[in-house]
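As written, the chain order gives the labels A, B, C and D, with residue 1 at the start of each chain.
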Amino acid sequence: MRYVATLEGTEHEVDLEELTPESFAISFGQDRFEADLRRVGPASFSVLLANRSFDFDVVRDGEEIVVTSRHGSTRLSLVDSARRFTRAGPKRELKGPAQIKAQMPGRIVNVLVKAGDQVKEGQGLVIVEAMKMENEVKTPKAGKVAEVKVVAGQTVEKGALMIVIE
Amino acid sequence: MRYVATLEGTEHEVDLEELTPESFAISFGQDRFEADLRRVGPASFSVLLANRSFDFDVVRDGEEIVVTSRHGSTRLSLVDSARRFTRAGPKRELKGPAQIKAQMPGRIVNVLVKAGDQVKEGQGLVIVEAMKMENEVKTPKAGKVAEVKVVAGQTVEKGALMIVIE
Amino acid sequence: MFKRILIANRGEIAVRVIRACRDLGIESVAVFSDVDRAALHVREADQAVLVGPAPAAESYLNTEAILAAAKKTGAEAIHPGYGFFSERAAFARAVEDAGFVWIGPAPDAIERMGDKVAARKLMAAAGVPITPGSPGTLETEEQVREIANKIGFPIMIKAAAGGGGKGMRLVESDNDLGSIVRTVASEAKSSFGDGRFYVEKYLKRPRHIEVQVMADKHGHTVHVFERECSIQRRNQKVIEESPSPFITPEMRAKMGEVAVRAAQAVNYTSAGTIEFLADADRNFYFMEMNTRIQVEHPVTELVTGVDLVRTQIEIAAGAKLPFKQEDLAQRGWAVECRIYAEDPAAGFAPAPGKIETLRFPSGPGVRNDAGVYAGAEVPIFYDPMISKLVTWGATRSEAIDRMRRALGEYVIAGELRTNLDFHRWMMTQPRFLKGEFDTNFISQEWHPLRNGAVHADQAHLAAIFLAAIAGNQSANLAAASSPRASTPTTSGMRPSSWRMIGRLDQLRR
Amino acid sequence: MFKRILIANRGEIAVRVIRACRDLGIESVAVFSDVDRAALHVREADQAVLVGPAPAAESYLNTEAILAAAKKTGAEAIHPGYGFFSERAAFARAVEDAGFVWIGPAPDAIERMGDKVAARKLMAAAGVPITPGSPGTLETEEQVREIANKIGFPIMIKAAAGGGGKGMRLVESDNDLGSIVRTVASEAKSSFGDGRFYVEKYLKRPRHIEVQVMADKHGHTVHVFERECSIQRRNQKVIEESPSPFITPEMRAKMGEVAVRAAQAVNYTSAGTIEFLADADRNFYFMEMNTRIQVEHPVTELVTGVDLVRTQIEIAAGAKLPFKQEDLAQRGWAVECRIYAEDPAAGFAPAPGKIETLRFPSGPGVRNDAGVYAGAEVPIFYDPMISKLVTWGATRSEAIDRMRRALGEYVIAGELRTNLDFHRWMMTQPRFLKGEFDTNFISQEWHPLRNGAVHADQAHLAAIFLAAIAGNQSANLAAASSPRASTPTTSGMRPSSWRMIGRLDQLRR
């Protein structure tokens, strides 16, 4: 089976061949490796490859797969080339109006602007408290406040739209 | 639902009533308790009962259920009184010929008797090696060796019949 | 000794206090909010009482509910941990008025040290050196600007009622001043109920060194040597160690003596910490006193062999200190890394969520004080700390070797993100290894885009791809078959993948 | 320093050596048998090589396969751990002949101490006190009887090539003599390839006290103080501690000096242990020297701060000892409980199997050196040790308090049985707490039928019943839905039970 693995912006075409139920051949680029794979936990895998021992924990994070070992974490996206089922959509463009969204769940402590205000780049818009820390959210561009979707005291989910700057 | 829990030889009739998906009433003997139950792992349960906090891990061991907490392990058998599905059969009687079985998996190092031998109580029959320890298995009764089912060098499973003494 | 203690806290410190209780044969009572019903401290305690909904103000800071829980369970004393009620004199008083023993300093001492401005004055009077800054509290941007012009930028603006890295901000220049004053004032008011703040000179390349003190109710006060907490992000400590690699034996002796004097100036009892800033010339200045057990207390415990939490409880019960100053000595070195659910690549923003896989490091010299378990959720409502990983070694370099190894063994996987890779990177940094750092180290050296990635050769990459494919298929299977899977997916898996994962499942047996 | 080390062992000691390698920046190579493909030491190592099928003789004792693995992976040195090859001079020689460094004493020293009879003679000549017994080896029941009649029962019969509790049996009276001589001879022949044995007087109420020694290749030998290992079952240690609660400072000094003399008599290098038996009058007698790192080495590490395994590796690489005798000191107290997959109620018979749930204890003063993980199998082929749980405290009583707490936190559930409840019972025994015990303690005090059960009141029982019912239903669900369930069941569950467990599953999220 063929996969496309994208890692730090580079696409790798990976061919996976099942040799026995426990061993696989992995080919990509010029190289072909044979590896022994054991599942050692709900999402943990032990891989022996050319005598080297790797111990991986694998989780999904949205569209990405995070593979962690004692060497650190690797984030990659994986596409079954027959059906591109885990492919993320095209990145959304960041031109046009700036949509100020909550970067984490939290509580709105204060709203510093109202619709119609002119703001300059870097000006504070709202103060959000999350994890007992307060953070002033600033506008990435100068412009006019088109919409204010939050009020002080309200809690917001991650990704919630708070302010629109035109 | 009614259960019969047998613990250290005593039978307890236990009535379990589901109050909410997370809380239950347990009645047995003169007492009725309400408890909050959360599953906190594949076989781990947190129980709050009259402000007391209990943290249990539950496994089956054959016909028994072993409930472990920081206070120690409790072995019990549990019967749904509607269908006695976990009930063990009656204990096997130990009269008649003595069947000498392997108490753990191991390797037969030496067989000290042959069929037809007369043995006295406590006499050595076979030497079994398990976990790098050798143990001489002795006869619990005097009598005649009726059958020898093992030979030196052979490995035996737990419970395997090795010798029969008449 | 007490028969039963209520712990008015959550997370790892609640578990830490439960452990000290258990060592002493004391029963522990946990309190919990709605979202913490299945938290580790509830599971580990002997008793547990619900005290309110998720927001701390309605549960962990709910005086009435907590005192009612203590009454109901027959607790004799209350341990506040750190954070929450730990430095609130009013709560300590309410505890004592309700007839319970407060495991901490007298409310009066909390109060006198809690008003940072008054404390500065008091310390100056007791002969403890203090940093240049505002003589009292300030209220307006203009007042701050005036002081700043006198002592020069950068300056720190600090909430008068703050502490522990909360309610303080650095101002580099006049440009940021307005926005920061607003934030500090707002945060001070909402977090501490007191909007006043003050200003201190921000030392260049400062080292953050603090001295642990312990005092009983019989007039004995000792110091238990220093910790250095110079590796900070957003003014919060992330790595601490003991001893300090910076100070000399003479400076150590002097700081210890000054710390004891500072504690005695407020008739301090229980565990407390005098925080100092030291400049490159090894001048040191009183910054604040933390009138509670601190997050980083384990490094002191590993180096001195003293169980600080157990001793706190013994002191509260009226015991004399079980050691004199001359009994105490430092042996070897200890380092602590705070493991947080946060994303170092996104400015260390909190990144909580459910922990799916969790394996703690272990072995020689490793201690891990955790507040979670596999399957637990790090909730969004509280501090996102997962655990404190602490290692001891005969030398600083052995302690760091062991930390590097322990970080490698530590596995946390799930919906959350962690700073494990950040700490792994830290343990390879030449300046850190040499002990040549200051509180600006992270902002100077950490580049999230360049660091933390695995540098894998082709074979290593092949192994990663294989695991990713196998793991992806397992996750799809789990999502399809388990009622508790939290990652819904519209699986496009082909039958052969099912066959493969079925085999993998068989292999696991 | 070495670049890469092969570890010719498995289980917790292989993991322990891997950790030491990692601290030193050395790559580790694991070897494994067929049944250990997914064992922890394989997962933790940098490289891993299959060396044969399950029986140790064909894998972990397969000289050819292990040397081939070392060659193939480019290892420079071989660490044998304990057991297996650790005290086999022939293997050590083969390692050196193949051009690898042997991380242990010279083969000649192993050999001279391995022949227990020759060692007794050698020690006597070096002025080390030895126990009364046979002057040389014996071969027949009659010879044993003759010696026994001279020195009196009880006697110990020991394989000349044995050690570490293996190949030795107590003979209480003439009645058992024949059967025991046969067993020892057979075991000695099959386990050590040498059927010779000898006889020693069995001391009444003996204490088992041993002294750790370390020696480099530059002529420096030190002792790292004593351990006491008097809590034994079937002549195998289960609880060890350091310091010994029995010996006086004078006896400690004398034992240390004698131990150094004993090691120097065979030009010993690396880590080794001189085992002594002490009688009630504090006379002590040389029993044997263990020419390897020992299972119980962590109690010494916690009390002295010395990393014995790391130092072994440094010595093998040619380094001088990093400490002198006068640098070493004992601080506080450490206790170790060996956690086995065994059934104390069935005479401590091995009870291996798969571990379903595993939670390790942690917190202040706790170290747990494990060889397993959740989901791992304790195989029937090898020593059934799960982990070594070690606690440190400022006093013996604090160390035991912490052990009691750690044992309470430790959860191992699955197909296997463990001795956790046995250790929990031990930590409450008045004689143990007072330090007044000898090697017969377990046989005198342990009554499996009376001890270990939970004494639960009605409320506690109700909670147990609720958990049992919930757990039983989960298990049935798992058995019905999971391809890897290992407990087949003909489930008679009613639909409402499914509903209940479905809800429980939802709650878990």
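Quick note on the criterion: contacts are C-beta pairs under 8 Å (C-beta built on N, C-alpha and C of every residue); 3 or more make two chains touch, one makes a residue touch a chain.
Note that the structure is predicted; figures quoted are calculated from it, not measured.
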Pair exhibiting more inter-chain C-beta contacts, A-C or B-C: A-C
Chain C and chain D, separation of their C-alpha mean positions in angstrom: 37
Distance from the mean Cα position of chain C to that of chain B, given in whole angstrom: 47
Where chain A and chain C are represented by their mean Cα positions, the distance between them in whole Å: 27
Multi-chain contact sites of chain A, meaning residues that touch two or more partners: 38, 40-41, 52
Numbers and ranges of chain D residues touching at least 2 other chains: 44, 373, 375, 408-409, 505-506, 508
Every chain pair in contact, whichever chains are involved: A-C, A-D, B-C, B-D, C-D
List of chain C residues in touch with chain B within their complex: 29-30, 37-38, 42-49, 72-73, 373-376
Chain B-touching residues of chain D, taken from the complex the two chains share: 56, 166, 179, 182-183, 186-187, 190-191, 234, 346, 349-352, 356-357, 380, 382-384, 408-409, 411, 413-415, 417, 420-421, 424, 452-454, 456, 458-472, 474-475, 478, 487, 490-494, 496-497, 500, 503-508
Chain B residues within the chain C interface of the complex: 36, 38, 40-41, 46, 48, 51-53, 55
Sites on chain B touched by chain D in the complex: 1, 3, 5, 7-8, 12, 14, 16, 18, 21-22, 24, 26, 28-29, 31, 33, 35, 37-45, 47, 49-50, 52, 54, 56-61, 65-74, 76, 78, 80, 82-83, 85-86, 103-106, 109-110, 112, 124, 127, 129-136
Residue ranges of chain C in contact with chain D within the complex: 15-16, 19-20, 22-25, 44, 298, 301, 305-307, 309-310, 331-332, 354, 359-360, 362-370, 373, 375, 393-394, 398, 401-402, 404-405, 408-409, 481-484, 486, 502, 505-506, 508-509
